[in-house]
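Two complexes come next, and they have one chain in common, chain A, joined by chain B in the first and chain C in the second.
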Partner chain A sequence: MRLAFYACLLMTGLLLGARGADAALTIQITGGTEGAQPIAVVPFGWAGSGKLPTNVGKVIANDLRRSGRFAPLADKDLVGHPHTGDEVNFQSWRVLRVDNLVVGKVQATGPNSYTVQFQLFDVFQGRQIIGYSIPAHGSDLRRVAHHISDLIYHSLTGERGAFNTRIAYVTADRKSKDDTDYELQVADSDGYHPQTILRSSQPIMSPAWSPDGKQLAYVSFEHHRSQIFVQNVASGARRVVASYPGIDGAPAFSPDGKRLAMTLSKDGSPDIYILNLSTGHLRRLTDDPSIDTEAAWMPGGKNLVFTSDRGGGPQIYEISADGGPAKRLTFDGNYNAGASVSPDGGHIAVVHGSGGNYQIAVLDLKTGLLQTVSKGPLDESPSFAPNGSMILYAAEHGNRGVLATVSEDGRAGQRLVAQQGNVSEPAWGPFPAQ
Partner chain B sequence: MWQLLREHPRSLLYALLVHLVLLALLVVGVDWRPKASANAGQAAPVQAVVVDQAKVDAEMHRLKQAQSEKQTRAAEHLKKLHEQAEKARRERQREQRRLAELEKKRHERAAEQKKAAEKAKAQQAAEAARLEKLKKDQAALAAKNKAEQQRLAHLQAKRKAAAEAKRKAAAEAKRKAEEEAKRKAEAEAKRKAAEEAKRKAAAEAKRKAEAEAKRKAAEEAKRKAQEEAQRKAKAALQQQLAAEQKQLAAQHQRAVQNEVKQYIAAIQQKVKRNWIRPPGTPAGLSCVVSVSLIPGGDVADAKIVKSSGNPGFDRSAVAAVYRAAPLPMPSDPDAMNQMRNFNFEFTPES
Partner chain C sequence: MKRLFGFLSLAVLALSLSACGTMGAKPGHKAAVVDQSTSAQGAGAGGGAGAQASGAGTEGGFQGSPINNPASPLYKKTVYFAFDSSVVNAAGQKLVAAHAKYLAAHPDVHVRLQGYTDERGSPEYNIALGWRRAQSVRQLMVVQGVKPDQISMISYGEEHPAVLGHDESAWRYNRRVLIVYTGQK
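The block that comes next holds the complex of A and B.
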């Protein structure tokens, strides 16, 4: 009897222990390393005559790599070249420790028309995450590839991809000492497919996108003085919105697109003004003997940040769109300028100068910590991607300005495809209308 | 017969003659029958000529009548012949009877002579027989006497034998009676003895049974006592064993826990090494991944049971588990069982 009792007790104890352990066993995993997720993007198959007009797989892989979130396998490391799901041997990809696999193919469906099909797989679980078939025209293939990158990015990160967006920038092609060709260009987010929307023999500066991506505001010296223009990107129609004596510069569309912040020196020192685009009403926002310039809107449009040297050196300040006192945001180093606000309003990218080295830095508005994300030495004009994951900026490379991107954390930096001439003042456009 | 013929040749001759005459008459008589039927049978086919039926009938009647008269005359002639034959036959029979009579008379005479001779012979034989009989009678008498004597002797012997038999029977009866009495007495004695033996045996058996029962009861008691002692000893032993087992189990449990701990550390390291967090994920994220392992340490299932709210972060945690597979697994089955299903909590900051 007693024995049985003990046995019962023992077993109950074991069972409880086991059950308890079952429920309680939680292994803590802390640390890890931030890094790009391994992914394999297999070159897309091609069913059509001639050469595939656009290497879709390559465009996607480059997009993903540029984001800093993904580390696409080099082509030579691919263990297979499947183009559809049923051709995939997951085990072989597991061995490579890649989390995800992208396969696809392009089919010609007519003269200059195609269907692009792709599938994204979870390699470890051996299942498809997404798969689409997208029709495209020949000139659209790159755009479709970026769109696919966005879909993949969104599936894997939960954030909207910003690959299928456009960037604007200014090129200065110096033909001779007195002859420089300035162009305002718009290109895909990877720098490909550039289109000139304005050409001038006089400097063009500070392009800024309207929130709907249909217009660009910029400064042109075409009339041998600075003027602010707003131009329809598609039609090329434009108008002068600011043509005041002195400096007319650094336009910035408000998030609702109805207002344009700008720097004017018509009243003395350069200050920040806000122009109501529909009424033409101009309102002075800052009134300070120092230089206030490079305004950028905070999300929601209630506040703006700008550069001011009122504290001695250029630093970033924040001010209400209704005016009032400005609050200094940057304190590290003696040069912080050219702010770009992240879409979530949590970070501000700036040009951070320190000891003659100018780098892009990101200020965490919550912690106040400033972290450099680019190497320098002459980086300028940071511009957040519309999803906040990357920053586009101009860097000096080989004695000329080129475009570069860096991930928000600074882990992945990459120069974009080289444009003609000296490239400066890039601005990353908004998401395309959905 | 031949002797008779030789003695009466004339009679024979007559008889032969008569027979021959009769025979001759019989042969001639055959041809007296009319031959009309022979003509009728072979009549040639006639030309059918109609004639007067009356004339035909009259002719037919005349012919029939003539045939009838002819037949009557023949019958009378035959009758006459029969009568003559009958007469001759009767005469021949008379002759035969006479001859038989003569033969009989001759036989009688021969028989008489023979009888006389036989009579003389019989007389001699009778005499001899009488003498023989006399002789036989004398012998029979003597034999009779002898037989009587023998009978008497036999009778005497028989009487004697009967007396002896009677005596013997009496003696036998007496002996039998004595024997019977003796047998009965013995049987009685035997029965009594048997009964006694039976009674004694029963008593003995009873005694023995009682003794056995007593012994058994004693043994049972002893056995029970022993069993009780054994049981107690066993219980004590088992208790001890249980205690030891408990201790062992506890030890084992501790060992298992130690092993589990070690393996947890190893798993932690491996998963940590394989955890590639998405860059730029906000601070303070945490997610819980439920993991099922197969014995080899490979991941059967890994799924988010508590999301961080950041899909990239969640995905990186699940991927870390898969990428770290196979996870280190203890060899101890209990330890292994504890590690089959568990949770990972992923937090970037410790």
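The block that comes next holds the complex of A and C.
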């Protein structure tokens, strides 16, 4: 566990220069936490000079709230501010009917180095569930906080947490009618620590993570045409993998990372192709006069889902990676596109258009039921968290493109708002390497 | 309407000037270096990088040509579409026919058809839809005698909207194919 965590810190350190804190995304809560489990996260204690560089307790509380599974108490409702188990008066917390309590403290151990200690308690049994002491460097305190959120989430739900993960997205800062700055950015799952890995005066689209989280495939129009690049996130080194006449779009890594599905129109209409990344061999998967695009792999890599308008409007279809007939999956509404497959393969999230409203909807592949989880009116680009608990998507709010998250059941929603410009095309990265 | 077209030609002119703008990350960030030699296909859509985002008769060789004459049917260069449709309507057919006639008579003149959509729905589906709109215009041109190699195509999908806004008053101007004259070869 430790080792994996250090590997993860090391990876962060290698990332390209972080933008200033002013560029960070801020969080707005858009949905209720009805049915969520009450939990108390006490602001962490601080033993060091000056100010605690990161409000670790706040980061943890925000993570847990964003999942929709937990309802952290407001600061004003906390009945005490213990920082260690010895200081906890369980009876006073039992009165509040909170199931669990998180306490902790940050200790300076050197210039820019810290130890973060935390304990998670079962309030009713008065018992510690987990407790860890984790060393950290200054700029990694947020990551440590996300890691702690993951440990808490795992202890209480039995599922792996996805807070200590990263997201990719595109920002477009329109300076004038003819001058827009596009940036491909990578940030923590809550939108903090944004880092620009590509900047262009022309559109950047459709970032897609490799399964190991080390590479991003994306579409860039920097040469005034579409091309698909694969870029190493840490080093910035990249290569062109598709540059055919017409569309080069919608890249998607296979679960084994060895192949890249993509949309090309070199042979006429837009169709799905599969590129073997090591041999360069390109294979055509669909051959239909209609639009076929937006391939997403099913877990295991034997099948893919994609958008096609072969039946009239855009709908989601499934096809074997070896080809053959495609099976239609969505029937509800006249517009379903841009599928993201849940990590267990049981659900797909789509853009669902109905009555002029574009919402994110989740299709249960077992029952065939489609449930909308966002409000619209211009939501798009859904992307499942690697644990399947949340969906990240792009929305229009206050005349700007923003990112938002919603719990998979649609209960809890939050917006991640950039300080300037429009944010779109989000892609939630995989779990960090174990 | 006239104002819109005036703006469009200004826009493409400005685009042509800014097209050689910087690429890669900001100073102080590790730049993502492009190795152009890995781009095996080159800039296939007609011309090198930076030279393509121009057109609407602003390039040399077209001064005084009907393409730039507001009284000419060739002055209008935008075909508009209904939502999620790539069917060219009657007005669009008339406009395309005028350009097709000119292009068929001038086989050394080249155009690039740039397809766009409104902002609604999935971005990559919109790229495909913009492409199919360009294909519809191309098909009309080819059946009217334009040689296929006179025409190149690109789709920007919902990127580069002509008009900003989140309702039909903007969307109707963004669902379009722009006919861009790229020069004589």
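In this section, the second predicted complex is superposed on the first by the 397 of 434 C-alpha atoms of A that agree within 3 Å, B and C clash if a C-alpha of one lies under 4 Å from a C-alpha of the other, contacts with A are read in each partner's own complex, and residues count from 1 in each chain.
Just so we're on the same page, a residue touches a chain if its C-beta (ideal position, glycine included) is under 8 Å from a C-beta of that chain, and two chains touch if they have at least 3 such contacts.
Because the structure is a prediction, the values reported are computed rather than measured.
In the superposition on chain A, contact of A:86 is made with neither chain B nor chain C. In the superposition on chain A, A:425 makes contact with chain C only, not with chain B.
Once the two complexes are overlaid on the shared chain, A:389 sits against chain B while remaining clear of chain C.
Counting the residues of chain A touched by each of chain B and chain C gives the higher count for C.
Of the two partner chains, chain B is the only one that A:158 touches; chain C does not reach it. By the document's definition of touching, of the two partners only chain B reaches A:99; chain C does not. When the two complexes are laid over each other on chain A, chain A has residues 17 in contact with both chain B and chain C.
The touching residues of chain A, counted against chain B in their complex, run 2-3, 6-7, 10, 14, 17-18, 21-22, 25-38, 68-69, 94, 97, 99, 124-125, 156-159, 389, 407-409, 411-412. Those residues of chain C that touch chain A in the complex are listed here as 7, 11, 14-15, 18-19, 21-26, 28-35, 38-45, 49-53, 84, 119-125, 127-129, 131-132, 135, 152-157, 159-160, 166. Contact residues of chain A toward chain C in the complex are 16-17, 177-179, 195-201, 203, 205-206, 221-227, 231, 235-240, 243-247, 249-250, 263, 265, 269-270, 291, 293-294, 307, 309, 313-314, 335, 337-338, 351, 353, 358, 377-378, 380-381, 396, 399, 424-425. Residues of chain B touching chain A in their complex: 235, 238-239, 242, 245-246, 249, 253, 260, 264, 267-268, 271-272, 274-281, 288, 299, 310-312, 315-320, 322-323, 325, 337-339, 341-350.
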